[in-house]
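The structure under discussion is supplied below as structure tokens; questions concerning it will follow.
Think of it as A, B, C and D in the order they're written, each chain with its own count starting at 1.
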Amino acid sequence: MEFEESGIGEECGVFGCVAAGEWPTQLEVAQILTLGLVALQHRGQESAGIVTSTGTNPPTYTTLKGMGLVNTAFKAEDLLKLRNGNLGIGHTRYSTTGISELQNCQPFVVDTLHGKIAVAHNGELVNASALRKKVMRHGVGLSTSSDSELITQLLALTPPMEELDTPDWVARIQNLMTETPTSYSLLVMYKDVIYAVRDPYGNRPLSIGRLVPISKLHSSGAGEADTEGWVVSSESCSFQSIGAKYYREVQPGEIVQISKNGVKSLIVVPRPEGDPPAFCIFEYVYFARPDSIFEGQMVYTVRHRCGRQLAIEAPTDADVVSTVPESATPAALGYAQQSGLPYVEVLCKNRYVGRTFIQPNTRLRQLGVAKKFGALTDNFAGKRVVLIDDSIVRGNTISPIIKLLKEAGATEVHIRVASPPIRFPCYMGINIPTKEELIANKPEFEDIAGYIGATSVRYLSVEGLVSAVQGGIESHGKDERISTKTTRFGHCTACLTGKYPVELEW
Amino acid sequence: MEFEESGIGEECGVFGCVAAGEWPTQLEVAQILTLGLVALQHRGQESAGIVTSTGTNPPTYTTLKGMGLVNTAFKAEDLLKLRNGNLGIGHTRYSTTGISELQNCQPFVVDTLHGKIAVAHNGELVNASALRKKVMRHGVGLSTSSDSELITQLLALTPPMEELDTPDWVARIQNLMTETPTSYSLLVMYKDVIYAVRDPYGNRPLSIGRLVPISKLHSSGAGEADTEGWVVSSESCSFQSIGAKYYREVQPGEIVQISKNGVKSLIVVPRPEGDPPAFCIFEYVYFARPDSIFEGQMVYTVRHRCGRQLAIEAPTDADVVSTVPESATPAALGYAQQSGLPYVEVLCKNRYVGRTFIQPNTRLRQLGVAKKFGALTDNFAGKRVVLIDDSIVRGNTISPIIKLLKEAGATEVHIRVASPPIRFPCYMGINIPTKEELIANKPEFEDIAGYIGATSVRYLSVEGLVSAVQGGIESHGKDERISTKTTRFGHCTACLTGKYPVELEW
Amino acid sequence: MEFEESGIGEECGVFGCVAAGEWPTQLEVAQILTLGLVALQHRGQESAGIVTSTGTNPPTYTTLKGMGLVNTAFKAEDLLKLRNGNLGIGHTRYSTTGISELQNCQPFVVDTLHGKIAVAHNGELVNASALRKKVMRHGVGLSTSSDSELITQLLALTPPMEELDTPDWVARIQNLMTETPTSYSLLVMYKDVIYAVRDPYGNRPLSIGRLVPISKLHSSGAGEADTEGWVVSSESCSFQSIGAKYYREVQPGEIVQISKNGVKSLIVVPRPEGDPPAFCIFEYVYFARPDSIFEGQMVYTVRHRCGRQLAIEAPTDADVVSTVPESATPAALGYAQQSGLPYVEVLCKNRYVGRTFIQPNTRLRQLGVAKKFGALTDNFAGKRVVLIDDSIVRGNTISPIIKLLKEAGATEVHIRVASPPIRFPCYMGINIPTKEELIANKPEFEDIAGYIGATSVRYLSVEGLVSAVQGGIESHGKDERISTKTTRFGHCTACLTGKYPVELEW
Amino acid sequence: MEFEESGIGEECGVFGCVAAGEWPTQLEVAQILTLGLVALQHRGQESAGIVTSTGTNPPTYTTLKGMGLVNTAFKAEDLLKLRNGNLGIGHTRYSTTGISELQNCQPFVVDTLHGKIAVAHNGELVNASALRKKVMRHGVGLSTSSDSELITQLLALTPPMEELDTPDWVARIQNLMTETPTSYSLLVMYKDVIYAVRDPYGNRPLSIGRLVPISKLHSSGAGEADTEGWVVSSESCSFQSIGAKYYREVQPGEIVQISKNGVKSLIVVPRPEGDPPAFCIFEYVYFARPDSIFEGQMVYTVRHRCGRQLAIEAPTDADVVSTVPESATPAALGYAQQSGLPYVEVLCKNRYVGRTFIQPNTRLRQLGVAKKFGALTDNFAGKRVVLIDDSIVRGNTISPIIKLLKEAGATEVHIRVASPPIRFPCYMGINIPTKEELIANKPEFEDIAGYIGATSVRYLSVEGLVSAVQGGIESHGKDERISTKTTRFGHCTACLTGKYPVELEW
């Protein structure tokens, strides 16, 4: 099921680009940023922003922000104003509320005694509330509720600017990292440098790519000398669309300096001893685009393994396997492969359905999700269907689909969910429905199959998910301890288990 | 490959709705029309229009038109103005050119001596040019280039209005049908009636549905007494999304009268003796939504059979079968089933890529279609891939995809096209590139595999396509005559064979 | 008082331009048309349209239409598409109602057996209803309610196209003029010619100008050889803003042919014997821009004379004379001059007040027109004010202004209206409130001063208005007969006297 | 001449409103703010903003900002979100440059340890640069270039927040006033209070009004008990349009507290001993709306006196006096009265001329300002014209008007300017062209009449302007010292004399 309907939302995507060589380069940095953000659009559709710097001394910064999708938010004539940028960072933001939302749009730029810095941020500072108080106690007013402004003011604050001839931003970033352990993947732009930062727990993703001539994009012969610039992105899926090759991930706790001279690792801030990394496991399950690579593995492949593992844990006596298009398809194909059942399509999505002007209290309201899907009856009429979904969060969108399939002739509809039930809130940047809204916390969960009208419902186990993410497909006994696994493999499963990577301040 | 890139375009979709019972009914006709058009959006995205009638005597007509997708073209507050409509017709239009395109937007409404009629039309009058002259010779000025205006004026013209007490629209429609044999699926609204008309060759589709209470939509118990109204649509895929059950197709040459009292077949205008019907075979191959039903069969199923037939005709020694998402997927699954090769996904589509502000002459231009697809490398690296496409029209969009797959590690890329090469223009409502642009007519077609960079290329045969559409899967010898088949089964294959259903006037 | 508040509205403005010399000329015809329409914007703000012709054989016509003010309706990039136009006509339209108003937007273009013609029209056909029936009886459907479409179809209709080798548009226009006596100022474009037509009664204005090099615009030395082209416009006020010199008026009943070769009078269709011309006297009183010239006299000067005549007819014992800005100022200055009272400004207009989001039922609603004017208290506190208005139509806008002045310290407020009371509807193109809404037809008119809160109210007499328009300032005895005057001088005063220039068909 | 063409611009207008009585009141505060800003629209058209507070404890602040005119910037549905506001401040801003201008839009709101404050500001801090450095040295990043943000951070900064139980904003405002002497008229909103502040020199205007029932607006009987709330505005012209009575001006250096309980003067911060106040004299000459009241006198009346003084200083042997509409009209009427020459109108303004799509290098470019004005020839042909303008700043807009008048028949055109030549930059909030652009600093000024094509040119003297502002009309000998006058009367004439009210820091 689409997460847009489930109510689960990613906070943001960040993207940066530095042209190699002297100013002005011929590299179309503003356009690369725009296309990079388009490729990260699935991580946030509310607003988009770009800041470019000429990289000169002094630099000129140019900012472009707008509401909505990237292609809506920016106008062609405005992009032209950024064309002198030799480097820049961009941001695409998930929905917020309030009237003047443009104010919360990132990147956030502030002028300091040593010039302007720009910050783009994906994640959520677990101790944001305490940090806001600290900043305000110092006499600073905060004009937005965004963590980016907070981070920017924290960077400007300590140590006091006057004591320094140069700002030493790296020390300031390091200082920030000791004040707040997670979660943030951060791009900080200052003059001609972008600092790419990932929190010590590595909760949010951040990858580096290398721009090469398009003609050499896929050839193995693009050497160092061919480098046209560097990009850094929440997900590697954006690299191909702007002509970059995957280079490496920023490591948990690492500060990487990216400039026209190349990529340089400056420092790796350690976690408290014994703490494992805590990369968000839902990046694999849902958020990331299937062609992105984390920890050396393609997200699609992990989802396919989730499907296979689900087939092992929850086999079904049925005739066909199918998917709720489009995000559950890899898992469905995995389930089909492992189970040996044929994979068929049962639903056809109308991609033009959007906001439609349906007045309340009409018969059309009752149609609900059915407006969005057509039933491919021939493929399942008279058959027992295993329907794979990637997540059931609130339980109110799968129900009409089951009804549709049954009424169109499916004799049985078995729901198999390729992730465990979400039970706990996230404080690291994911927007999850309240505990009360989560189906897994409702009394109805006792008989969820009855509640949603399915013949049967089974979820993937936490252990199974972790195995699939690890690369293994295995059978899990009930006595195995998940905690040792998360320690070993370093993924945050807090929303599934309630075990948070750091102690939460309330 | 998406036809939007191939340059092939459907002309239009039409949709009508009549509420049962007396005026004003509680049925939200304007909203049903809107949702119906949204479900036909794949048939035309340039503009949309709706005309409703109160169905009273005299009736009040209200018109709403706009450029772009249905959800963009209409505003909620404007829809409210149509709320008294007891019946109405709507239209969604494929791209045209020119400055004031809104003028060409349908439905077309004219005031006559006997009151207003509204016309919506899908198709193209083969003898439009002669008919325009006839109308103009009579002293009528035509304000647009649309066939709808032409049809409307023809209906008003003969016999002269003054000679009649009542207009007898049915006789006028019948008269029109003798003047122009094809192609048109037509909705003509007058006062409280919609006439649903399909040309004698049945070139364009038209289906009727019955509105029932949503709660009874899928149950078998919705009897006559439950009828809330009637809808008529280019494709049956729109029925589910507005709460209607499939009723039947309008037959070639038939005039069906739809009113609050029900559906009534008035007449069937015959074809010249010996002429078979000529339903456009490309509705099956490409235009229609997979969940639509024509001639009693689901489009998805026909496409799946095309894939199976293709596997018989053009088997491949390969490791995996895949699709160019999304339209070729049914054929790919059919090919996989028939061939026994595993089906995998190799491309991940970025659904947010749209108009992006790329300036000419930049390195980004070279990326081309690659911006739109991500490679799911794990699924095919080191493997021989059979890639199914539904059509290769101009040959310039499949090429970069093959390049992408090869560079990402595919050892071989065999292209299998689930339809025959297009070689001839269409004069019945499909917008096909010029003969010179069609790859099948270029010298490069001799070595098309080399031209597009594929390991091999094979098209489905015309005989194979016709078999698949018939419902059979068979092996075709070279001596079989396609002509007998099209005669028997009544499909127009003119764009593939050059044999047009009627003699063309030049 | 602004007519926009009084509810009186002009129907339209028309404008045409032909470049001298061969195609393509360097003259920017589309831009001249745009600027010309901007200068006629006071005649209609609802929509605007332009059609240009290349003037070649065959010609290419390009149409541009949009809702709202000219500067809003047209986009710069669209204007570029008209840049090849060697000639063209344009139209600016007063408000209509209904959903798809763009359809009614002029010019109207239709394709005929002999090619396309375009028509722009100011006025209203008195026998439109009968003419519509005639056209429809012939079997023609009319797609709009506009007179322009009607005129266009009438031109195409008779004599039948087939009987002619060439269309002979002049004969057709002449034929039209015999079928409908008034009111129309018409521009008909065909290929490389514009026919400028004024109805036999000359009810609506139409003037011709000559384009000269800007550098010679005001010099007397711009001879024939300097002619760059010709323009034709509802009002001469538009000439200066596009670099044209006033040439002459089109005469009542005249058809003038304007082409690249110059201006040629073709024919003058006579009125029924004894009928005087009937130029709309309200063009002088209100509609026209003060710098326009009709019948050899400047509109400003006529209004000034109206003020002087009003001072003679309705002298006042007061301290200062003032105006309701801005349209009544010439009359106020005339009144001041004639009466010897000092002219002062008492109201300051806030030009930014427009649609403001005031919710119903709030205290702000009660402010009414006061939001629009500030009181210049120093100029009238403690004084007796004569306030000149150009018209009092419904009586509900002058009232709050009087209240404002009194409360701000005026001891007396005498209203003097520089035109007679409107009592009758107009059927020649002016949108006048219903008879019931006109203050002059209400019982309250008996004590209008009491009704609107003024110390006294006096209107200019019909005789006085006619004198002022004639050029004379005189005292009128009660026994003088207005009918003889309108006969002699040829102005339509139907809305004041109920005497219409032609017999009305009901 | 319109200042919009002269290049002189006001920085801003501020407006605040507090409803009397308890929350929620029935007063439509958001709408009053909107209308108040519309009435101040002449002070800034680039962007508009409103912040309302519920006035509860804790309060809820709601912000609304947009680009363009007030009626464009705000949408009706957004205003509804502010409907719970019991008090609020608003701002309308003059043009700035740059891409993301919305960021600079005021009011500026920041969250502090003691809650949110909102600041709206008209003026320019003379020592802004030093103050920015001070703030940044403290470790604060500034996200905009606006003085409002700077003021807001300065208020938050000193004394440090942590040392206080309550913020004591008044002490903080007082502290700010000692740090920066001018220029600012400031509205600071905190919870349920608005602090209205005027700098010690009183450089920018600020007036207080009292909201009363509309029915009692103009009666003298609206007593204390009728008070519905309080408003504070850059100009009193906004009071009438929202139903408020003029109360008094905020005095130079005064902090006035406005709450639901009424208006209270808290403190008056003194100027350095011997320094006179320095109210901007150009508020009288140009910026303010004529119906506003400063220092007890109506702006219109001052302009009228300027015209009379000009007639004394620069009498002309001519036939008629006229104005460049609309802003110079009061001075022209004053000149006419004093000189005894008749006042006539010579130019008619086309109010629809706006941005029009004129391509470069066309003949139409040469038309220049003539597009905007029509010549009322009858009023001046064959006559010697005295044309009053309020200011000639760059000298390039009056020139084509003189040309137009001469070519239309004026025998002489004498330019009389109702203010002295501008020679020096302003550092107190007025946007003046660079010294090099000012005609008074160019060599051409030597023979300005020749340069602009006038028969003669005379400016009002500085002494004469000061006299007119004082209320006197007199003859000035050359030996009189302007410095004593400005001391006595307290107006800033720096742009005319180069004598700034405070020492400038460079």
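In this section, contacts are C-beta pairs under 8 Å (C-beta built on N, C-alpha and C of every residue); 3 or more make two chains touch, one makes a residue touch a chain.
Here's who's who by UniProt: A, B, C, D = Amidophosphoribosyltransferase.
No experiment lies behind these values; they were computed from the predicted model shown.
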To reach chain D from chain B by way of touching chains, what is the minimum number of steps? 2
Keeping to the contact definition above, tell me which chains border both chain C and chain D. none
Taking the mean of the C-alpha atoms as each chain's centre, how many Å separate chain B from chain C? 49
Distance between chain centroids, defined by C-alpha means - chain A, chain B (Å): 38
Can you check how far apart chain A and chain C are, centre to centre, with Cα atoms defining each centre and the answer in Å? 62
Can you tell me which residues of chain A touch two or more of the remaining chains? none
Which residues, counting only chain B, touch chain A once they are in their complex? 27-28, 31-32, 34-35, 38-39, 41-42, 69-71, 74-76, 79, 213-215, 217-219, 228, 237, 240-243, 289-291, 298, 300-301, 329-330, 333, 337, 342-345, 348, 350-359, 362-364, 366-367, 370-371, 374-379, 403-404, 406-408
Chain C partner, complex, touching residues on chain B are 62-65, 78, 81, 99-100, 102-103, 108-113, 117, 132-133, 136-143, 145, 149, 152-153, 155-158, 160-162
